[in-house]
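Here chain A shows up in two complexes: once beside chain B, once beside chain C.
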Partner chain A sequence: MIGFIAKRFINYAILSAIATLSAYVLASIILNPAARYLGRNPRPSDATINSILDGLGVNPNTPWVERLWAWIVRLVTEGSLGDTIHNTSVISEIAARAGTSLRLLILGTVIAAIVGVTLGVWGAVRQYRFSDQAISVASFTILATPAFVLGILLMIVATLLNNFLGVQLISFTGEYTPGLDGGWWVQFGDRAGHLLLPTISLALMGAAGYSRYQRSAMLDVLAADYIRTARSKGRTRGSALVRHGVRVALIPMSTYFAYSFATVLAGAAVTELVFSWHGMGELLVQSISQSDINAFTGAILFNAILILIAGTLADVVYAALDPRVRV
Partner chain B sequence: MSMLDEMPAPDATAVITDVVHSAKPVSRLRLVMARLRSTPRFWVGIIGLGAIILWAIFGLVPNAWNYTDLDIYNMGSSPSRLHWFGTSDIGEDIYAQTIVGLRKSLIIGLLVGPLAAIVAGVVGAVAGYLGGWWDRVIVWVIDLLLVLPSLFLFILLSPIFKQLSWVALIFLLAGFGWMIMARVIRAQTRSLRERDFIKAARFMGVDTWTIIRRHVLPNVSSLLIIDATLGVGAAILSETTLSFFGFGIQAPDVSLGTLLAAGQSAAATRPWLFIFPAAILVFTVLSASLVGDALRDAVDPTSGVNRD
Partner chain C sequence: MTENLIDPAASNETSPSVRPGPTQPNPSNHLLEVRDLHVTFPQPGGAVTAVRGVSYHVDQGEFLGIVGESGSGKSVSSLAVMGLLPSNAKISGDILFEGKSLLGRSDKEMSKLRGEGISIIFQDPLSALTPVYTIGAQISEALRLHDRKLSKAAANARAVELLKVVGIPNPERRAQAFPHEFSGGMRQRAMIAIAIANNPRLIIADEPTTALDVTIQAQILEVLQKAKDMTGAAVVLITHDLGVVAGNADRLAVMYAGRIVETGTVDQVFHAPSMPYTVGLLRSMPNLATAGHTRLVPLEGRPPQLSNLAPGCPFAPRCPVVIEACRSTEPPLTVIGEDPLNSAACLRVAEIASGQLDRTKLYPVPEPVATAERALVAPETVLDVAGLERHFPLSKGSVFKRTIGTVRAVDGVSFDLRTGQTLGLVGESGCGKSTTVMEILELTKPQAGQVSINGRDVATLTARERKALRKEIQVVFQDPMASLDPRLPVQDLVAEPLTVHGVPAKDRLEKVRAVLDLVGLDPSMASRYPHEFSGGQRQRIGIARALVTDPKIVVLDEPVSALDVSIQAGVINLLQDLQEKLGLSYLFVAHDLAVVRQISDNVAVMYLGRIVESGPAEAIFENPQHPYTKALLSAVPVPDPTVERSRTRILLEGDLPSPTEDITGCNFRTRCPLYKLMDAPGKEQCRTQDPQPRAVQNSVVACHHAERIGLLAAGMP
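After this line comes the complex of A and B, so read on.
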């Protein structure tokens, strides 16, 4: 089992490394960091621009192979991801933003997984009943809704609710209320309140996809002989379904989870932007619109590491559920 | 990711159990059509999609306003008899704008879905049929693209595509929409390769490309049709998300994404700027995915609702 997970981990690690390096190369070819200085009035001299760009290691006049090599060397020897065009280090920028994104991602994914699996199992067990049909219709509709529309619709609902109640019950702009006085609990409550809508938005999207897959995996399992065997040896229906049904139906889900995590990351980035959170999604989009190669590569590396962790976790779950892997 | 490889092939035995009562053999196409006809989801989806397409073509005819007209006497008005979906703060008719945006989004979706399916079919069949290094490189590229979220790549490539017309966006979306299906087609082709009719063709000296074109692709065509249908909705979602953040369709052109971006700031105070385009977007994507889902169930009897 250790061997299996180690093998998968190395596979993911190589993929993440290559993804990051390709992102660096693509960004170096496409983005032109000099444009930011050429448009100034008065225009800085070429020597000035070149020295700024050389300092950042993003001068387009240097061949990208050399720049890539310098970037790798700096990463390996100094552990640095370079500087952003605002002369802050990329690592400190990521450190400042990572907490914001991770809070949303972890909560959203965990809630999505629990709700999605529960609804999927429920729908499969009660196939064609009203609750199954209602879950199906709801998940199809959510899957057809873009992340930004879902976020804004939730904002509209929250505004209507706030107006109806006459108090600001749900706040949804930004990550916290600026200039809020109060103790630790007040701050915590404020942040939790701001977290509510983005988390619901992300969790709804995830749960819609997971419930479809879980339902279809569970339907496969329900038809299997071993469920009947478990019943005939005296297990109750619920116990047979949970111990023998859900456990087996979760095996394909762990694979689906690993493979859909990239989509979740993209959805989280969109959600962050809609709710104006200063997270990694914003860093990624800003870095492209400001032609900031180092910051973009840093953001992609961050995402690649998250995919690496999610993929490995999914494989651990897979190995724990499926005894065939363990031998 | 092994789940993708394990997607069951259209199962011959399940087809036979359905045919048992009829006297003469039923062709696969007629069987699939019969199953489709008895699926309510298919009807909801196809009627919804048909209505949306007809509306996109003829919807402007009964409307008094063109999408570029500015009604300076009714700026920011709510839905009324004069302006069915209301107007924006500079007097643009939201109904006309929605239809023009819908046209663009539909064209992009209807072209990208099939294009991506064709790429998926060719790449997947080549990888599965040739095997060896071709296969390894292609699978490796597919895995890489699954690790890099394609939305981020679209945003990265947008500075190039912004300068070109919106047609370039179609190729961009199709160029990154084929990976998942290509894996499925590849797995399918690997099992087809060992079947007798393909072996016979190979031993008779038919060249590789002809075998792929004549024998492999027709045998995975049902998967490709499903992919093309499901791809329509996915492409519309990608396009609107990109356009919403300003990376897709650019200013003189209107799509549902740019329209929603314009209506976003007023979403709470003047909801008609946002709700109508959003509802139509969701309805369009939902119809397309319902058709795709019903097709998948009709072609593959072991998936979804056919299973008891």
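After this line comes the complex of A and C, so read on.
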């Protein structure tokens, strides 16, 4: 079993490496880091620009294969991902932002999974009834809404609520209130308050997708003979569905979990921007808009590693849930 | 109707809507009493009434058999007793268990009774056990649901005990296994263990052995009988196989189109059936005791659709003694003689019971093919198989594959087939019979051995010759629905082999019409699609497709096992007639020994990739020389209660070993009942020497001790 997981992990690791290198190549070919300096007033001389670009290792005059090689050599020998155009190292940038993003991502994913699974099971059990129809319509609506629209809508609702109550109950700009005095508990409460809206936004999007998959997985299980067997032993329908049905219906979900994690990451980038969080998503979006090749590759590597972990985790969960695949 | 049962839309938490019948003044003295039960499933295309006024009772410790074809309502009525019907089912009438009505109870109230008072064993043990829990956990779950005070450890211990009772070896270890690690027979044993866990007063067994091999079926019926004796429970056994109930049940109810049409003791129903349907069913079943001597009597037509049922007796369109009144009034169950429990639903029951209408002559026995129509055939060998082998390597690892063993699917099989004759190839599932016929149909050089058709070794054929030879050897598959492309009309399906062989279009149509006529289908139906035909008709289409190239050899791979009992006889008769008219040679693969007995001239019995006994059908069935053949034959239930009660049964232990196992010497010795009776040198011989086929009496047997087969009959209880 451990051998199997290790093998899958190595597979994912190779895939992550390929994804990161491809991202580097793609960014090197498409992005034009010189553009940022050309618009300056006074315009720096070509020699200055070239030397800055050479310093970052992103000069388009150098063939991309050479730049890629230099990037890999630097990564292997110095453990460095290069510098951003703001002259900070990419690693330190990631270190500063990762915590912010992970807090949001992990909370959002876990809540999304729990809510999505619950709604999916509920919808399947009450198929074609009003509650099922309502869940379906709501989840399709959320799936069709762009992440930033959802974020802004939540902000509007929060503002209305704040105005109605007359106090700043829900704060949604940044990840904490700058210059707030108080002890540890006050800080924690403040951060939790700021976390509320972005988490809801992420969780809503995730749950909408999960619930659709869970519903169809559960529908397959509802008609299964072993549910009938469980009832014939003396379980009520509800308890048979929970004990025997949900457990089996969760098995295909663990695979979906791994793949949907990528979607959640993409959604998180937009959500971070909307709520002015300085996280990895912001780094990714900014690096593209500012033609920052090193930062972009670093952000992609971070995402690839997260997906690697999620994928391996999904395999472990799959094996834990389904005795038939244990080897 | 069955779709409805599994329709998830139909299920919800509320109990099915119930319209209780008029309150009965007399309380029930029976363990279970079903009174005038109706079950209707509303559907967009019109309501389907699956059960239409069924009344029966079961007393304490009684064994009731309910027999019927698919769609007769036998399963629906038992699910109604358990309260497991989908919520859209409309139930009326009354179901009394221990004198108290079960209808109108909530799911919660019913769940207290299910498993504790009434338990049920389902047909397919693979899907009936939850795949993610261990067998032990699923048994102890049943225990703890009804005894909250029972500790987990005590429940597990009791689960192991129950597994031991139902005959699972190593129960401590096996309790930790998951359902997919169990074979079909062991899963069904586990299901029985769950059913008897709380000592119920009533066990309902819904087709408990249908998915199993005959040898395993015999074991399971034995376990069921043992479970009944241990718990003292009454048993309701639901089946389509008259043979299964003949030896076990006390009383019988025969269902047709949602009603009980005949009921009585087993002897009354089997020996003096009074409803023409029962008479026909008994006559149409191939039966080991009579097969081979008499022609089967087919029951023409098919059961009616249960939506929009026409008035009158639902059996009238198929009944040979139908009178005008049958078409307008549906006959009630009428008591036949003295016994109030023996009744039949037929307007002419008095005539049949009194002998005015001779029940043995109710159905016309189909005429054999007239001598003038018979094809003249020269007896020559058309198919010769010698030492055929097919081994599959078993590999492990995904990157570096390494062979860790060999599956000996076919391991040196030899037989020959002569013009105009039928060779029956029998054996349990997994014995390699299907692989053997597929190897032959490949028409290429086998891994080892030789296949010759019409005297030509197929290994030497060129591609063109091989294609030409395919005309000579054709195949009919098991499931007629799955083997016909649903998107093609019948004429295209049947003409396809002709297209392959380049027959011009106008000749094709003519040939198709001729061959459809030959198999008893109206040529005007040629433009219809497969789903418009019934099961028996579809199999006729399959046969027509095989015959359209005028083959000499037809391979029949389980051609009737997917058909309902009453339909089987017609197809078997058709195959026999075609053989005589066209001089065909059949290679007939089947697990149903009675069917094989009916149609075969010669029989070869396969076990783990080898032929253990072969010879003329008469010799094999009357006087088997190999212990496996003997056990196989003794496992087949005979639809005759007198025969069933008097004969001794040789039970094989355990399941078919995995073909990857390397068994030294004789590969049957692990299950051989004769091996156990042998003295030490005899056993030594079985362990060390692989028995070679040799002639014993009239058959060829691969057993060292065939001469001492007589020990078996004497040595077994």
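Details
As a convention for this text, the second predicted complex is superposed on the first by the 321 of 327 C-alpha atoms of A that agree within 3 Å, B and C clash if a C-alpha of one lies under 4 Å from a C-alpha of the other, contacts with A are read in each partner's own complex, and residues count from 1 in each chain.
The criterion applied here is as follows: contacts are C-beta pairs under 8 Å (C-beta built on N, C-alpha and C of every residue); 3 or more make two chains touch, one makes a residue touch a chain.
Because the structure is predicted, anything quoted here is derived from the model rather than measured.
Once the two complexes are laid over each other on the shared chain, residue contacts for A:Pro146 go to chain B alone; chain C is not touched.
In the superposed model, A:His86 makes contact with neither chain B nor chain C. Contacts of A:Gly234 after superposition: chain C is touched, whereas chain B is not reached. Contact with chain C, but none with chain B, is seen for A:Arg324 once the two complexes are overlaid on the shared chain. Once the two complexes are laid over each other on the shared chain, residue contacts for A:Ala223 go to chain B and to chain C alike. Legend: residue contacts after superposition of the two complexes on their common chain; A:Val248 is shown touching chain C, with no touch to chain B.
Looking at the superposition, the partner that touches the larger set of chain A residues, chain B or chain C, turns out to be B.
When both complexes are aligned on chain A by C-alpha atoms, chain A residues 127, 219, 223 touch chain B in the first and chain C in the second. Listed in rising order, the residues of chain C touching chain A in the complex are 6-9, 11-13, 82, 84, 107-108, 111-116, 119-120, 122, 124, 127-134, 141-142, 145-146, 178, 180, 191, 194, 197-198, 398. For chain A in complex with chain C, the touching residues are 7, 124-129, 219, 222-226, 228-238, 244, 247-248, 251, 321-324. Within the complex formed with chain B, the residues of chain A that make contact are 12, 15-16, 18-19, 22-23, 26-27, 30-31, 127, 140-141, 143-149, 152-153, 155-156, 159-160, 216, 219-220, 223, 252, 255-256, 258-259, 262-263, 265-266, 269-270, 273, 284-285, 288, 296, 300, 303-304, 307. For chain B in complex with chain A, the residues that touch the partner chain are 1-4, 143-144, 146-153, 155-160, 233, 237, 240-241, 244-245, 260, 264, 267-268, 271, 274-275, 278, 281-283, 285-286, 289-290, 293, 303-304, 307-308.
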